[in-house]
Structure formats: structure tokens, C-alpha cells
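So, here come the structures, one by one.
Each of the two complexes below includes subunit A, the first together with subunit B, the second together with subunit C.
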Partner chain A sequence: MTEQSQSSSAETPSVLDELPGDLMMWVLIISELLVFGAGLGAFLGVRITDPEGFSAAQDHLFRAGAGLNTFVLVTSGFLAALASRAAHLGKVWRTRAMLLAAAMLGVVFLIIKGVEYAGKYAQGIGVETHPFFTFYYLLTGFHAAHVVFGILILGIVGYRCAPRTVEVGVAFWHMVDLVWVLLFPVIYLLR
Partner chain B sequence: MKDPLIRAWIGLVVLSALSTVLSVAVAHGALSGAMVSVGGALILTIGWVKARIILEQYLGLAQAPFWRRGFETVLAFYMLGLLGLYLGG
Partner chain C sequence: MKYQSQKIALAYFSVAMALFALQVSFGLIMGWIYVDGNFLTDILPFNIVRMLHTNSLIVWLLLGFFGAAYYLVPEEAEREIHSTKLAYLQLAIFVIGALGAVLTYSFNLFEGNFLLGKEGREFLEQPRWVKAGIVVAALIFLYNVSMTVLKGRKTAITNILLLGLWGLSLLFLFAFYNPGNLALDKQYWWYVVHLWVEGTWELVMAAILGYLMLKLTGVDREVVEKWLYVIVAAALFSGILGTGHHYYWIGTPGYWQWIGSVFSSLEVVPFFAMMAFAFVMVWKGRRDHPNKAALLWSLGCATLAFFGAGVWGFLHTLHGVNYYTHGTQITAAHGHLAFFGAYVSLNLAIISYAMPVLKGRDPYNQVLNMASFWLMSSGMVFMTVTLTFAGALQTHLQRVNGEAFMEVQDQLWIFYAMRFGSGVAVVLGAILFIYSVMVPRREVIAAGPVEQARIDAEHIAAE
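Up next is the complex of A and B:
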């Protein structure tokens, strides 16, 4: 390779350089989206065998509560995005405040989800009550577990507070947000 | 309102409220027959738009056109698949 071509290849940016954040975080995000995507596809596939039963089961869900949780999570994502921006501007305490607020809204999400699960438990609705609830508990429970991990990650990146680290942690939180905006209409809203 | 993050957040809140109201209306019998399916298709479309907003503005793909096109193409086909399964039910 000539000196000129070596210089040219060093200067040509790869499409991977265009990707915001860390490549491994995107691999994780895509993996998670594939898992949840397959779950939602399976849910709608099984629904074809019993649409009336799925609609009747869905009537036991509190749609407005899930709508409130959507507001909580997208607002949390907004605060996390502001935290990432503040981190790149070198505003450490603003970054930490935004991450803390985002994490607190994550806790609010989990509390509302806990109340929802408690309501189902009080009605005697479990995983085996109907295939709808098998998917409901599996998908929303797995998502809630990601919210728990996301809160921990926001705490860790807030402690370290380096711009790159914050960006990667916040990307995980946005993935949790993204999964919810797909899960919410399919599980809670579609009739 | 010039801040794209604020616009994205407002868009997500408004669209979430819209889809919730639409679903509650369907559940209370405001729509019937084929209109229920139309309402469902609209709810899925709103979910698709919300996912695009998160990818572009929250996850920053608006600044990465190559990856944005890739993600949005796959997402569009996936949402079409979900729509097909929904209408098949």
C-alpha cells in the first residue's frame, strides 16, 4: 500500500463512525429489539386463534394507567437525553440531576406497574389464566426487568459521569423506552 | 420549540395520549365493525411514528443517515408484519 492510499484510507470515515454512541451498545439494543419483536409477533400470531378471548382478557387491563406509564417513560427518556447533552457540555452536576430525575421516573414506572400487577393478582389473574396473560406477564415483566437494570445503569453512569459513558448508558434507557412504545399499543390497546 | 428534543418529547406525549383515547373509545363501543380494525391500524401507525421519533431524536440516528435508513426500513417492514397479524385476527 502506498503512503497516499494509506493516508486516504485513514481519512475516509467508516459508516460505523457515523453510529452515535458505542457499537456494542447498538448490538445489545438490536438483540433486545429482536427478542421483544419476536415476542410481540408471537402474541399477535396466537391472538389470531382466539381474537374474542384476547379482547375479553385485555378488558381486565387498565389502559389509562398504561397510558400514564407511557407518559412517565417518554418523559424519563427526554430527561436522559438532556443528561447526555449536558455531559457533552461538561456540566457534571446538571448531568447527574437529569440522570437522577430520569431514574426516579423509572421508579415511578415500576410502582405503577407493581400496582397493576397487584390488581391482577387480587382478581385471581395469573400466568395460566389465558394465553393473553401468559404473554402479558412475560413481555411486560421482562420489560420491567430492563427498567430495573436501566435504573442501575443510569446510577452507575451518573457516578462516573464521563460523556461517552453517559451516552452509552442513556442509549440503553432509550432502548427500554423504544420497546415500551411498541409493547404498549400491541398489548394494551389493539382490539 | 426549536429544540428537537423538546419537539420529540411533546410529539411522543401527544401521540401516546391520542392512541390511549382512541383505544378507550374503541373499548367503549365508539367504533364498530370494520372501523375497529381501522382504529387498530391507526394505533399501530401511531406506535410506528413514536418508535421513529425515539430512534431519530432520542437515540440520535437523525445525525446518522445510513443507520437511520436501515433501522427505519426494518422497522417499517416489522410494523407491516404486525399489522398483517392484527388484521388476520
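Up next is the complex of A and C:
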């Protein structure tokens, strides 16, 4: 499909062809951003109905852990960007090393997240405890699932290490990064 | 016709049209029961007519999909269908199963029998032997079409079509699982009902629409494929977790309200994309295909599907709204326009496209066919608007004011009377459509000199 579409796009160049990576990844990224955006919008909407309850519930969160996790994930994103650059320079092993480092930081993120969830569980806080926690578990849980999926993707693009493939995988990883950077202040910090 | 085995589609489309006539007739009877509640209560109770109306709809749509597959797969794979005999055997099983279901429902035969009696689950009430027959027929179909595609050319259209058809067949297996717990029953039940029409059927729709656009507009295959992949991705992304919008009030945990609301809101995206796709393809098209009726149905399908499934679906998909509107006439309004727009029109589009070729009469009787489009579509849109008003009023009287169900129904009478009128228009439109594709051999209006010159210059005659 790719060769043919390039030849046909020669006659009518499309803005879509200028996208880095693959069009389908951008469809996925936009869909994900819509879902998380809608989730955060709903969170803020419900928060208006019960600001005190939401603030009280928020005080149970492990803010330092989440702050540390932000640092971990942004660093991981930086390493993934370096991997993409190395791939374009044709340095296969450097690309793989960077992807591995990025993925390992993803694992660190999940471990810290696990500690956080375990703490909630120990306090007896579940999905149905309060609307705040329904959103907390849905949004951070859904995000954590994307981290797991993203680690798998980084593994796959590291295995099939072509510049374009790496670019597609790293684009997904940056989306996971971006979503966390949006979730963190709204869920953990917003008063 | 390029391949002899495409002729199989003619048999499928003919049976589908017969069931279509039956389906809308049952609809009309039910429409009158809404007006006069005692109509036929003893011989044909409302719940039985409803089963016949919905079941025959699903079966004829499926037969249309099978027919469409048998018509387009040879052209896409560039070879004859693996086995013509199996294809007719599959149809025979479907016909016997459909007749068996109609007789069992109508006369309430074998009540309570494990194998022969109806099962009593809404929409999945078919007797077990019919369900088993459906599975056997589906296996024959999948084997037949997959063998054809595997040995022939593989295109995005056939890949997506097969993905949809395999998916819908596998999901049907949940029809056999009937847990005693009603909440669990409903949870699995939606695996069939929702994951069909808001998942796998959308793939079938995208594939058939893609095929029609390819043929009718002559746009490059790569362009069509790119659109198809985006549409399919959007459909699966939103549709699978969108199942959550059925889990609001059946006893599932509360977080489904947010999962369902967020994902099902996005279900409008693939339908919007399909509408955009159809119009952009026509806009960019290089071919002025003379089969204008097929083009009209294709564009009508994409547009009415966007409104019926997309807009009318979104209307009551958020759980805060659905809390009030659940199970009112709003649902009926959405159900009618969504099924008509997305799947009825899709079938009528491919039938309008294929029939002239199958019957060896080059584009014929466009005028009657197009008249049937406008009659049926305006009837259906009028019905949708009527039911939406009825639903809004019902929601207020019943759910806000707390009046009793039957008291409210009495106050909705005027809407039901108007709905019956629109139902008559739909039935007349359906009869006109069936007549126009099955009977006449001549054009109703002969082409004028300009149109005739264009047809002579550009049109490739049906073989």
C-alpha cells in the first residue's frame, strides 16, 4: 500500500502525507486524546457539584509519588525521542539501548503506580468509594494500561528497528506521556 | 457480469427482498396495534409481531450482506466463488431456519421444548435448532468466501469485509450462552446485539460502501483504502467499549456509566467519516456512472446512518440523559432511523447496483427506484421525528411527572397515528423498490440526447 500511495500522492500531495510516522497512529492518538479529554471534562463537571468532597478525597492521594512519576515518564519520553533520532541516523544498537531505557522507566512508573494503588487498597478506598475515586481509578487505570501497551510497542519497534517504525512507536509513547502530564495536575493538584 | 458465480447473489437478494416485504408488513401491523391496542390481540399479540418484525429485519439484512459478499468477492479476488453448491446450500438452511422461526413464533409451537421452542430472550429468541442452523450456514459461508479470497487477490475491501463477517459470526456464539442471572444474561446478550451493529456490521458497511464508491466514482483504490482503514479504526475504537452504554442500569458497576458515555459519544465519528467519505469520493470522482439509483442510495445510506445512528444515538447515549429516556419512544426513533440508514439503505444500495448486472438489463428503471428512495426515506425520517416528539413527551410525563405507563400511552395516541401514516409511506416505498428492481424491463423515461450521448461515450455496459 505504501509504495502505491506514495506514487499516487505525487499527483495530489496531501497534508496527511507530511505527518511523521503512520496516519493510523495519528488516528489512534487523536482518539485517545478525545477519550482522556472527555474523561477529564466529565471529572471537572462532576467536581463542580461537590468541591469539598472532591478536595477531601484528593487529600488521600500520594502526591509525591505522582510527582516522581511525572519526572520518570517525562525522562522516559526524552529517551524515546533520542531513540527516534538515533534510528534516523541509522544507529541500530543505540536506538535499541534508548528504547530499552525508555521502556524500563515505563516499568518504574508502573511500580510506583502499583505502590500507590496498594496504598489506596490498604485504606479501603475502591472505585465506588466516592465519585472522585471512580474517575481517579478509571483515568489513571486506563492510562496505566496504555503504559503497559506502550512498553510492548517500544519492545516491538526495538525488535523491528526501522526509522519509520520507531517513529510510530515513539509517537504513541509521547501520547502516553502527554496524557499523564494532563492527568497529573487535574487529578492530583487542582484545588 | 464478469464471473458466473456472482449469480449466487441474485438468489440471496431475491430472498432478502421477500423477507423485507414481510418485515415492513409486520411493522405496519404493529404500527396499527399502537393506534388500536386491541387489534389482533388474540391471534397475533404485540410481542410476537415485534419478534417477527425485528428477527426478519436481521435475517434479511444478513442475507443481503451474504449476497453482497458473493457479488463483490469474485470481482475483488478476481476468481469464481469456491463452491456455488455450498452457497445455495447455505441459503437453503437460512430459508428453512427463517420459516421455522416464523411458524414457531406465530403459532407458539413447542412451548418450553429445549430444542424446538422459542427461547424467550429478546432479539435472541430463536429456537435452538434455528440458532444451530445459523451457525452451520455461517460456517459454510465463511469457508466458501475465505477460500475464494485466500486463493485470489486480497484487497482492503475483502479483508475488512471478511473481518466483519468473521467477527459477527463468532460473536453470534454468545447467543447460545444464557445465564440464569438476568444481569449477566443482559451483559452477554449485548455482546451479540451491540457488537454486531456498532462493531462488526460497521466493518461490513464500510467495505460494501467502499466497493460501491470504487465502482460508482472511479476514485483510486488507494484513496478508498486509506479512508476505509481510518473508518474501521474509529469504529472499533469507539464501538467496543461503547457497549458500556447498555450497562448503565442492568446491575453492572457504576463506572460503566462513564466508560459507556465517553466511548459511545465517539461512535458518531465513524458514521461521520463514512458520510464524509461518500461525499468526498463523489466530489473527486472521475467516473459518471449511469446507475444513479445506486449512487443515491449510497449517499442516502451514509447520510441517514450519520443522523440515525450517530446523531440520534448520541441524543440519548449520555447516562445523565439516558436515566430519563431509557426505553421510551426515543429509543424506537433511534432504532428505526439507525437501522434504516445504516443497514437497510446499504443493502438497497448494493442491490440497486448489482441487480441490473445480475438480471442482464443495463441501468434500468432508475426513476421508479429513485422515487422509492425518496418515499421510503421521507417516510422513515417522518416516523423518526414523530417518535422523537412522542419520546420527549413520554419522558416528561412518565419519568419527570411520574404518571403511569398506560396513562401516558393514551396521551401519545396522536403521535402513534401519525407514525402509522409514515409507516404506510415506508411500506409503499418498499413495494415500489422491490417492483422496480425485480419486474420492469424497460426504462420508464428514455434518456434525452445529451444523456444518451454521455452514456454511449462513457458507460461500460453490464455484461
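Definition applied: the second predicted complex is superposed on the first by the 178 of 191 C-alpha atoms of A that agree within 3 Å, B and C clash if a C-alpha of one lies under 4 Å from a C-alpha of the other, contacts with A are read in each partner's own complex, and residues count from 1 in each chain.
To be clear about the criterion, contacts are C-beta pairs under 8 Å (C-beta built on N, C-alpha and C of every residue); 3 or more make two chains touch, one makes a residue touch a chain.
Predicted model only: the values in this text are computed from it and were never measured.
S.K.: Applying the document's definition of touch, where does A:T140 land relative to subunit B and subunit C: first, second, both, or neither?
M.R.: A:T140 sits against neither subunit B nor subunit C.
S.K.: More subunit A residues touched by subunit B or by subunit C?
M.R.: Here the partner covering more residues of subunit A is B.
S.K.: Counting only touches as set out at the top, which of subunit B and subunit C does A:L189 meet: first, second, both, neither?
M.R.: Touch status of A:L189: first partner only.
S.K.: Given the touch rule stated above, what does A:L28 touch, subunit B (first), subunit C (second), both, or neither?
M.R.: A:L28 contacts subunit C only, not subunit B.
S.K.: Is A:A38 contacted by the first partner subunit B, the second partner subunit C, both or neither?
M.R.: So A:A38 only meets subunit C here.
S.K.: For A:L178, using the defined touch cut-off, is the partner it touches subunit B, subunit C, both, or neither? Pick first, second, both or neither.
M.R.: So A:L178 only meets subunit B here.
S.K.: Counting only touches as set out at the top, which of subunit B and subunit C does A:E18 meet: first, second, both, neither?
M.R.: A:E18: touches subunit B, not subunit C.
S.K.: Using the touch definition from the top, say if A:T95 reaches subunit B (first), subunit C (second), both or neither.
M.R.: Neither partner.
S.K.: Looking at the complex, which residues from subunit C come into contact with subunit A?
M.R.: 156, 220, 222-223, 225-226, 229-230, 233-234, 237-238, 253-255, 258-259, 261-263, 265-266, 269
S.K.: Which residues of subunit A touch subunit C in their complex?
M.R.: Residue positions touching the partner: 1, 4-5, 8, 16, 23-24, 27-28, 31, 34-35, 38-39, 42, 127-128, 134-135, 137-138.
S.K.: Sort out for me which residues of subunit A touch subunit B in the complex.
M.R.: 15, 18-21, 29, 37, 40-41, 44-45, 47-48, 51, 54, 59, 63-64, 66-67, 70-71, 74-75, 77-78, 80-82, 85, 171, 174-175, 177-178, 181-182, 184-186, 188-191
S.K.: Mind listing the subunit B positions that touch subunit A in their complex?
M.R.: 5-6, 8-9, 12-13, 16-17, 19-20, 22-24, 26-27, 36, 39-40, 43-44, 46-47, 50-51, 54-55, 57-61, 63-67, 78, 81-82, 85-86, 88-89
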